[in-house]
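Please go over the structures that come below.
Shared chain: chain A. Partners: chain B in the first complex, chain C in the second.
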Partner chain A sequence: MFSNRSGFWPAVPALILLFAFFLFPVVRMLGFSVEAGTLDWYAKALGEGLYIRVLWNTFEIALLVTLFCLLLGYPLGFLMATTTPFWATMGFIFVLLPLWTSVLVRTYAWMVLLGRNGVFNRTLMEAGITTDPIPLLHNFTGVLIGMVHVLLPYMVLPIYGAVRKVDPAIPAAAAGLGASNWRIFWRIWLPLTLNGVFAGCVLVFILSLGFYITPALLGGGRVIMIAVLIEQQVREALNWPFAAALSAVLLVATFLVYTLAQRFSQPEQAR
Partner chain B sequence: MASSEGSAELSIEGVGKRFGDVVALDRVSLKVAQGELLTILGPSGSGKTTLLKVVAGFETPDGGTVKVGGTDISALPPAKRDIGMVFQNYALFPHLSVKTNVAFPLEIRNVAKPEIDRRVSEALAMVELVGYEARLPRQLSGGQQQRVALARAIVFNPRLLLLDEPFGALDRKLRETMQLEVRRLQRRLGLTTIFITHDQEEALVLSDRIAVMNKGTIQQIATTTEIYEHPANDFVADFVGESNIFHGTISASGTVALDGGGSVTVASDKPAGAKVGVLMRPERFGTAGTNLFNGEVIESVYLGTSFKLRLAVEGGRELLVRQPARGALPAAGSRVTVGIEPDAIHVF
Partner chain C sequence: MKGAHMSRRLLMASCALIYFFLMLPLLVVFPISLSSAPYMQFPPPGFSWQWYERYLDDPQWIDATWRSLYIGAATSVFALALGVPLAFALVRGKFFGRTLLDRVALAPIIVPHIIFAVAVYGLFAKLKLIGTWYGLVVGHTVLALPFVVLVIAAGLRDFDRSLEQAAEGLGASRWQTLRRVTLPLLRPSLVSAGLLAFISSFDEVVVALFLAGANMTLPKKMFDNIMMEIDPTIAAVSVIQILLVSVVLVLIGRFGRGLSGSAR
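Presenting the complex of A and B:
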């Protein structure tokens, strides 16, 4: 496995760290879930309607977040990759600045914006568009808005990279051969940037599955995703074995998504 | 498609383009007759690529018009110009097979499926790529990719064919084969063609006429022999082929008194007293002649078919001479006499 032995030793500190603080705790946690010597906790996690709903909820939100990130992120990434250097830099600032800000801070900011007396609702009511505040916080919509905002950079960056890798002569050649912009997009740009789209989607989807802070705060206990449920089991119900079983389910689900993604991802195309 | 039904005459009239302070094209005008192959030859930065982009529609000129078959196409986007173009790096669609690449312009034009199949096979047969239909561009060699690009550019009977330094990435042998092949194909299809290159040898092989460009202007447009034998100015004389260029004043007796001393006898009808340039091609020197030069060999190179000599002659001048490789190669430091006849000297 390590044909070059000298390359192995420098990796030892990191391996020790991974073993002590990642692999060991994960195995320990899996141990909790089967402490009683039975798979009862798994049966509960995957068998009871309530928990199946949470799992389903989690996947549904992750899927929608991915979809909206893609719809917003592709045009943005594409624009950043094809515009002038000045606007590309501006785009980067607006995409990366939130990425460097704490998720907690950004989520609180959304609470201020989306609340019953938040900026949006007050503006809408003052403008006379609605008389009653629209419920934007502590529901599905709120969680969706917050998560899309937090995860958007993970979609934009791979797409930006994929678009930049395409030789500009290729779409130019397509135009010269008579293709309309619409045709060039579907026949040339999209297929040549599919790797970036795919990478972005997998990244956003997997991050969404285990997302905690944003759904916990913007969902206000009414939108339960699996990470929120696990935290409740640990902190409120003090049911560690069940929390461990749920964690194992999340871990396996994430791993499955990742493996499937690898299977379907295409070999390198654009050069 | 073996006819020139779609091909048309091109005329460029007073096209100008600047980038900031740089004048890329200085009111360039030229005409390419239907079925003609015109090469635009120039060093990098001469504006030749900009001119090609203006014709293809990728660059908007500051002024002037581009007409194809008498119709002004200056305002049309690239997609509406009906021009086949082969890019420097071919710009094949990397995710599409050879067949789909070539079929692309036909697909865009909503040609019926059986007709597409027929025309694609025909085009691939023409560039000798039958059997490669299912390959992806990256599975082809440079020369094969070049052929696909060519097939894709001609399959839809374009009105013009533009070739942007298409042989730059190929090795010498392959380049020569492809040059002849392109020439043969272009003649057979009767396609009006503009070919861009900085390689003067390539320009001589391929062209009906050559337009030599420098600093955004056309220096001379003429047939290949005319460009080589009778260049219009120093730049053309120097850029095309090897040359010895001197300047001086011509007298009534047909003698040019060279600046810095010495004189040569020429055959020219330039008026006496005119300032002229004198061009002597290295291969036009013999061992005897009306104009004799005696000099010391500074450098001598054996080139198989010829000797290439650099001589220091009277008046502190250097002379480049090519002689048939017979006998021993004159050593550096030895003295040699070479001669040239008046009618072998071009005066401009």
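Presenting the complex of A and C:
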């Protein structure tokens, strides 16, 4: 297979680790799903109403998280790329500090903020806006807020990179020729930064599909995403074949998005 | 031009709000960790160190912290030992199947952590490795490897090879060139990669949930506590963790080299 081995040997120790403790266990586990010789577990995962709902939930949340991350991430990335170096550095610190703070810390903080007696509800009730606490935790809204917060930096960084690459003379020329700001954004900035937007969206969507911690904690058992379902099948139901079938579904979905994205962005990368 | 100023202001105002959203959870954790209330209350009624004392006095928390620190350190060492040669092979090697190898090396980032966690849990249960610290180091090394490869490969791509050629031209052996020229020049990348590997292990929850067993790591202990009760001790632990990660980030900024930034 490796006809020309020049420079190949340093990769061997890492490859042994990856084969023995990554590829082998994953393939072994996925094999459980067809152990009985039938595709019954896949039929269950993709055919029973309860599980279709979980898959749909997962897909819907991933899509919404991606959308919100884009809406919040584009202005941030754009501002960071077009402002003075000092403010760009400050912007980076504010994006990277949450990124490197443990997901658990952030999820815990959201529980404090969004709970029945949390900061938001107290403030709203004291201001007389509502009389009863609004349910923000252990539901769809809570999971969405928590996940957007965790994944936003992954959207901001590629968009920042794309905006930085645009030659500032182009929008300046358009402005000089009398184009309005909206027109400059839609006709110049957006098309020229589409690559970064695309990369950010794919990254956030893929990460959302397999997300475990935030839905497990903020969903409170009521919002079940596929990763939470897999964990429950392994640890509570001890149903390895079904967990394996669900894992295969998640893995295929992830790879499909990833491969499509690679295909899509190829001509841009070749520039 | 007045329109340009207006939309710039609008952009800055909306970004201020988004930054507020990003920082809000971090800002909330600090006051709660210093609260004198016996339970979760915000804003806190008074100041006290009680949650930090409770953390420091609880052997379970301290054990979990030490365990996370040495698992992180061991992960960092193994990920560097395996990842640096792998990055060399990927950047400098010329062999059939290199693109495939590239994909394999980065696969642990793309495959959802829950799948890897469940898979390795199944295998380690068979091998009786659940609850051992070295089992966790193996799991974390797999997850840290892509970060090391990305950072070192980026460093190697910008590397000026004429310096190595000069060393060899002056009679240095390949080993001497590696040790005296290549690795010292790569030091910023090595520092960044090692610290990134450390943080990725120190923060890791999903694999630890499955592999740690009764021997909790810090994130697993936090996860269990959050699941069971909202106790402000978590806030104190959170602040300590935020400070620790900030220190590591400052170290990367000072001695390391970013993924995309050029060498400073």
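Convention: the second predicted complex is superposed on the first by the 263 of 271 C-alpha atoms of A that agree within 3 Å, B and C clash if a C-alpha of one lies under 4 Å from a C-alpha of the other, contacts with A are read in each partner's own complex, and residues count from 1 in each chain.
Methods note: a contact is a pair of C-beta atoms (placed from the backbone, for glycine too) under 8 Å apart; a residue touches a chain by one contact, two chains touch by 3 or more.
Source: prediction; values computed, not measured.
K.L.:
On the A-aligned overlay, A:S180 touches which partner chain: chain B = first, chain C = second, or both, or neither?
P.N.:
It touches chain B and chain C both.
K.L.:
May I ask you to decide whether A:L67 touches chain B, chain C, both, or neither, giving the answer as first, second, both or neither?
P.N.:
Touch partners of A:L67: none, neither chain B nor chain C.
K.L.:
According to the stated criteria, A:I188 is in contact with first (chain B), second (chain C), both, or neither; which is it?
P.N.:
Touch partner of A:I188: chain B, not chain C.
K.L.:
Contact-wise, after the overlay, does A:V26 reach chain B, chain C, both or neither (first, second, both, neither)?
P.N.:
Second partner only, chain C.
K.L.:
With both structures fitted on chain A, tell me whether chain B or chain C touches more of chain A's residues.
P.N.:
For chain A, the partner with the higher number of touched residues is C.
K.L.:
Determine, under the contact definition given at the top, whether A:L124 touches first (chain B), second (chain C), both, or neither.
P.N.:
A:L124 sits against neither chain B nor chain C.
K.L.:
Given the touch rule stated above, what does A:D167 touch, chain B (first), chain C (second), both, or neither?
P.N.:
first
K.L.:
First (chain B), second (chain C), both or neither: which does A:A88 touch?
P.N.:
Neither partner.
K.L.:
Quick check on the superposed pair: does A:L18 touch chain B, chain C, both, or neither? Answer first, second, both or neither.
P.N.:
Once the two structures are laid over each other on A, A:L18 reaches chain C alone.
K.L.:
Jot down the residues of chain A that show up as touching in both complexes, chain B in one and chain C in the other.
P.N.:
In the superposed arrangement, which is not itself an observed complex, chain A uses residues 175, 180 for both chain B and chain C.
K.L.:
So in the complex, which bits of chain C are touching chain A?
P.N.:
Residues in contact with chain A: 3-4, 7, 11-12, 14-15, 18-19, 21-26, 28-29, 32, 40, 42, 81-83, 85-86, 88-90, 92-97, 101, 104-105, 107-108, 110-116, 118-123, 138-139, 141-142, 145, 199, 203, 205-206, 209-210, 219, 222-223, 226-227, 230, 234-235, 238, 241-242, 245-246, 248-249, 260.
K.L.:
Under the stated contact criterion, what part of chain B meets chain A in this complex?
P.N.:
Answer in residue numbers: 56-58, 77-85, 87-89, 91-95, 104-105, 108-109, 138, 152-153, 156.
K.L.:
Could you please specify the touching residues of chain A with respect to chain B in the complex?
P.N.:
Going by the criterion above, the answer is residues 167, 169-170, 172-180, 183, 187-188, 191-192, 269-271.
K.L.:
Sort out for me which residues of chain A touch chain C in the complex.
P.N.:
Chain A reaches chain C through residues 1-11, 13-15, 17-18, 21-26, 28-30, 32, 72, 75-76, 78-79, 91, 94-98, 100-113, 115, 117-119, 122, 149, 152-153, 161, 175, 180-181, 206, 209-210, 212-213, 217, 227, 230-231, 234, 240, 243, 247, 250-251, 254-255, 258.
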